[in-house]
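The following blocks contain the structures, represented as structure tokens.
Across the two complexes that follow, subunit A remains constant while its partner is subunit B and subsequently subunit C.
The block that comes next holds the complex of A and B.
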């Protein structure tokens, strides 16, 4: 194949794609060339010279152009006069590379001597010590003795706070610019730069707040020395003292693979505690990165406020009781109740959801099941035309297209934002449709700003334009043309500014777009094509798959009778038509869906914390956090991924599935399950999409590029190699049979008079879990309401407003700006406000 | 705010480049002319005009010796003491100049008139020792010529009639840019 180039490195012949850099080619056959500034995910700069090697090319006769041969018939190789940087040198046909000659070894020693001229060598107190590329390379290649005077070392600041999350030790920085290039090229937050020159070169930030980026933690992973450290881990532990446990982030629908590092500590009574969280490589999901929310939200696990024992209300007070007493009382209460309903949060595991629906459907004979904060529908549509198994957003580029509707990916699903932006950088056409411009807009080929009330109508119009070849010249026509002619097409949909019903129509409209068959194949059922829902939580997908839905059983089979949905449950609790409510991992009172427990005869809460709902409960079951147990989450791309226990459970807490199954046993739902892997096995029988999966297959891995996690630590940074499972995507219907166009209902517009309230997501929005993060505390989103000057006649910037909707009342700071359209108000920093609520404002007098 | 005060000028500068961010150096000059140095707020202004992060502007201010991040005197004497100049006595010249003005490099005289800075090669190595003041070169210097220069600048300051305008100088560069 002409796209491959064959070369020889240290006697090993290999063929790699044209354009590959020599250092990467060497790594691919297990030859480690030392690097500092080079990183496989960044553009090469050749700044540090650590990667110098001997590179020779076959000689050709000038006159004839024929290869010149040695006497023995082998090609003559010209090694030129000097060494070359293998991170910038591109492979060539017939190239011969030597990485272990005397000249190479010698220059490595010299370069390391230079690196150490100003390096403080404070390894014994450095967080990086033990996993430090510089330390490792000096041990391997260093000269152990320096010709430079120690007294001449440059002294500089050692505790520079770059914002609240990251600290910089200026003395340790070796000026490789990996951090700067990551921020520029990968994150597109150009908030780190060099300042001054030469020996005085130093890293600075001037953003407000400092180092203002959702990606800052990643720079500490790829910094080849201990110059950058996180506020979370700084001086926390030595790398070799910690135990790694594979995990999955529970903070959004991307499902980033991560590794939880724990250490046993005296202050926790000898129990392991979480010291830090690092990315675990999964090139199809998060590559080598994590957003700062995923990395720094873990504090809640160790919070002293965790519930540690079952509780029951006795004489009006909640008192600790035994598990048996609480379980028996709950079973009796639920069986005696005239009506029961189950309400679940959206970050429980698949196993938990499965046992919850079994408890209700089989044990209590009730289909009253739904999720709390139900904001976005269309799971049934996703099951038909969701992005195909085996897809990887990293493969999208020139000739492909991505459509993002009603979602601010940067705030809702950061890693998807990153990967969509990078696809656009590689040449994929990006169409963004939203009620306001977002961080993605500037990367868009077509940025279509629609009035939030008209988003669904706009998309439907786009679909009808795509169906016929129009010669229209409008922006929408152009976008339709781009999308429909793309080789591969992925469509994301969210819920910003939309009601639940509108998101359902939106999902169908987008499905119809994907299903259009022009000249080629439709954009469903094949790799790198299909629909991706921007679910608001880590396992909303699993809730759909397991039938936490009033009308759908596991497998998306229609239930014989439709049960109560969340809205009906809240109404039932208020008017007394619902007798007993079972809440798992959700806080409907705290989130404003219920004012209080209303006329409920029985309220059972299964939780980590004493939430506003738990306070009013009759029975409370303490659940284990995600770090204390195992289970599976299914991400928005329908990838089922396994996570593992990292620490011991808090107090007497139990995993959610276990509580539900022990309760189920008491109400006739079958024998209690004892092991998570067996629960998973049972659920694969009910949810046929999961057929063939088990804990072993989910734990399988295959080779990934770039290679990380080796002993060297200098190539890809500190991200962990994936040894615990890449997960498996389940196949959407369209992958095995044709799917017909969806019938669209008549346009629904639930719009009332008044200011249309758009709840714009912020990554760091207050919530039960993130509130406990000490590191993120200073970065939490302020509650603001942005209104157009036309609507803001009575208000000014900075006014404190009361914002009231049917459901909740919040206090927000006014921002008057024409970034938002007339008639709409954008509320930030509040979770789960209804998309089409009408805001009523009043100013608070100072 | 330079954005309002020099709206037209800024528009013209930005129009000279295919991409807006390329206008960053001329705008930094403009801000420095306005405020006397590129203060933090000046850098933030430039950044917001060009949709850059202020850190990017700061980085340039740090890279080039021609931008001052701290307040300076009315006349900044940028003396080259890079290798070639050093071989022709630049270090001794710096010492002499400092002594004369009773300051050390980076300092400003009490009357606020003069700041001495040492800088990297300015491309006039053959006429060392040399310095740059207000974007003009003073070359083949010695103590006598330095005294004369100080005298001229002092007189200018007293009279309030600068013999030289940064604005004009910049305008002359602008023409060159366009050519």
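The block that comes next holds the complex of A and C.
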């Protein structure tokens, strides 16, 4: 039997996959059936009855089972006695649907009148007014006259704070439960619930702190009325007053597509400011969602602490100077230096990285280039066996498998966590290997808790088991069996509790697993198969691709001479063997990598803020934030995505690539570039993987399902349709030719005596950018150290501990729990700390 | 010849007659012309009797304005610092009177009758910026017995932004 079902809706014949709901089927051919409670990403509940239509099925003769025919030969249709909810009704062969009969029109008007019985007349002051499905539906289908007495309306709380981020207006709620269902089904944070019944039904939060979820902002998007509003946008502007600009989130490696809404503001001196951030549909990346970090971490852009003018140290003081003076001084200083090195953050755009490496390699003839906080390796492996272009985690389900190693996706890359979890819900096998249990563990089919020092060993064991037929009895055996027999296999790897070298072997081990060829094809080079690195920052991938690496040129060509890596630079600065350091978008002193500027002769910093590194610099260049300029990021799935300027630059700041190319011009790296798209064009010539891409093709869109953002705006709340580009994935090597198994080095284990320190990521960890977000401040992760009771003989819950490793010293609150294994300690709330370290603890006396 | 003279005399007679008529010009600014009741002059922002501002910062006036002359920014009220009934008030309210065409659409759009076009027609400015009337300039004086805004109020007393509607007859 075919998987398509043919039906007729309002005279249009269409074929849709079996199991489709009638409302969705109608939508797919452009027939809008009004809905409130239905959302294509949620299970239907049929709560609001807005979607009632006439549905008829062909009649069959009871005796023969043959279809009954009218006199003219057409099939006889039985429409039953009443109307049916099209959001719950599943399509059937030969079904006939009428959405525009008198009965349907009439019931729509009545239902809307009913919805408005208790709905307040708040539209003028409601943040949803202007993009409200209820408003729109009343305008389209409402009766425009009410029989209800105004003073009989139910009165309720209009200002209920559900946590710090979301406010609820109980009067406006139409009880569709979209928010509750989103939290339960999609986010799996069951923190909202209905309380009471009937007319007194109200939304309550059951968590402490309230609405404790990384996804809360999404409920305000899908709420079909203005019942849920976000703290940062409340009363900020009317929807029609804002200008949308397409953007890409710069907070993690997922690269969610978003829309930045801006408006000129009198209180900001007439400048356009960011009012809110909404998801932008990209079904292969973030569907219709954003995590709260991406949504709310934009305050830093408008911070008064932004650097606005170039500065130079004169007589010991940093003073504002002109661009020409600063650029000339920097060029002279760099050329005169006996040795130079460049250090970059991992949130710059591809264009910035490209110009940085050009400045160094071509202009300054130096290969001393690296990123700050290099925590995870394997970029070269990813280039070979990374997840294939065209993949979409949404397509993984029964028969497929996902492996997640050494990463807490929920904290590091929330959208991937969501999509992996949903794939597991759809039946994909999920194997999780980590040193402690994480949010993903409970969804895993095989949860292998490995002692952190042994994660790589465990994976290697898994790989060797996968290569041979085993009895399949042990837990590892079973997991290996599941993975290797899966139709599609995607492997994520992170760096939790691993040293840089260990992550490199981990990447290779996983590549070897993916490359194993049993009966079928290997799990590389075809759609929905391959490796995904959980990079710690938004454009770590781009830094790899553009050759911000001491040993690799753009497109992973080996450099003739290996330059200094970050560790060598820090050492060189301390002992005087490095003369000049150029830091772009990084804060090595603030992160604890360098104690001070050491014996550097010249320190140049290109930054948004006066960081600890910038304070000690000789020359400072103010850079533009991501919202003020255009550029491209490449996400962990190697999707190159374009973002657009939303607001005007702060002060006299310039985009990073421009500063670098103007400096490059002064040191002989070629004429300065003037337009971002042209930088991208020259970049595609050097980075062969990007060949064929340009700003136009990155800006192209295709039709996506579900259809959102039409005039109706029933689905996806006010999420904007994507009109500005879906990005392009570059093809891994395995997609065009066979890749051989990777040579593995001898097992490296960094196990030492003492408590092994695992730095567990938290989504809201203090940092230069997130610190400026007013709404997220109360949710910031506290610095804690979790130890097993066996190891915690001398300490108890709540003690303040001094944690020392060979690199950093932090104060943390002790948590004693057997969630962590004996011999390990889990540190939370600290960002920059790479690799495995041994913690030495001491208690601070009260 | 005679015809020319007659026409001339006719014209002179008209001039002569007007010498004794009441002049239409007035001695502005000492003397001011009375305007009609529904004359549309400069806008004002009204207050309720207790002094609360009628404007709730909804910006519907700005949306209705065909000349894009109005600019509104809203903020949230609290019972300790209340500007207007309900949750929202206008923290910034500006009208650019060089753009305004005095059509009165803002008046029509306002859900609380907060903005009305009154009888002041004396609008002259030395520069463009002077043509931008801010909230302070537009808002009427606090009525007698009223209090100025922001004012502290009894919690929950003014939680409706829109005045009560009439019931269907």
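Basically, the second predicted complex is superposed on the first by the 844 of 846 C-alpha atoms of A that agree within 3 Å, B and C clash if a C-alpha of one lies under 4 Å from a C-alpha of the other, contacts with A are read in each partner's own complex, and residues count from 1 in each chain.
The criterion applied here is as follows: a contact is a pair of C-beta atoms (placed from the backbone, for glycine too) under 8 Å apart; a residue touches a chain by one contact, two chains touch by 3 or more.
Because the structure is predicted, anything quoted here is derived from the model rather than measured.
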Joint occupancy of subunit A by subunit B and subunit C, clash or fit: fit
First, second, both or neither for A:743, with subunit B first and subunit C second: neither
Which of subunit B and subunit C A:146 touches, first, second, both or neither: second
Superposition-derived angle with apex at the Cα centre of subunit A and sides reaching subunit B and subunit C, degrees in steps of 10: 80
Partner chain in contact with A:71 - subunit B first, subunit C second, else both or neither: neither
Partner chain in contact with A:159 - subunit B first, subunit C second, else both or neither: second
First (subunit B), second (subunit C), both or neither touched by A:317: neither
Partner chain in contact with A:192 - subunit B first, subunit C second, else both or neither: first
Of subunit B and subunit C, the chain that contacts the larger number of subunit A residues: C
Partner chain in contact with A:234 - subunit B first, subunit C second, else both or neither: second
Minimum C-alpha spacing, chains overlaid - subunit B and subunit C, in Å: 24
Set of subunit A residues, in rising order, touched by both subunit B and subunit C: none
Partner subunit B, residues of subunit A touching it in the complex: 189-197, 204-208
Parts of subunit A lying in touch with subunit C, wherever the complex brings them together: 121-122, 124-125, 129, 145-151, 158-159, 234-238, 240-241, 265-267
Contacting residues of subunit B [partner subunit A, same complex]: 40, 43-44, 52-59, 61-63, 120
Touching residues (chain side subunit C, partner subunit A) in the complex: 56-60, 62-63, 71, 73-76, 86-88, 91-92, 94, 111, 159, 161-162, 164-168
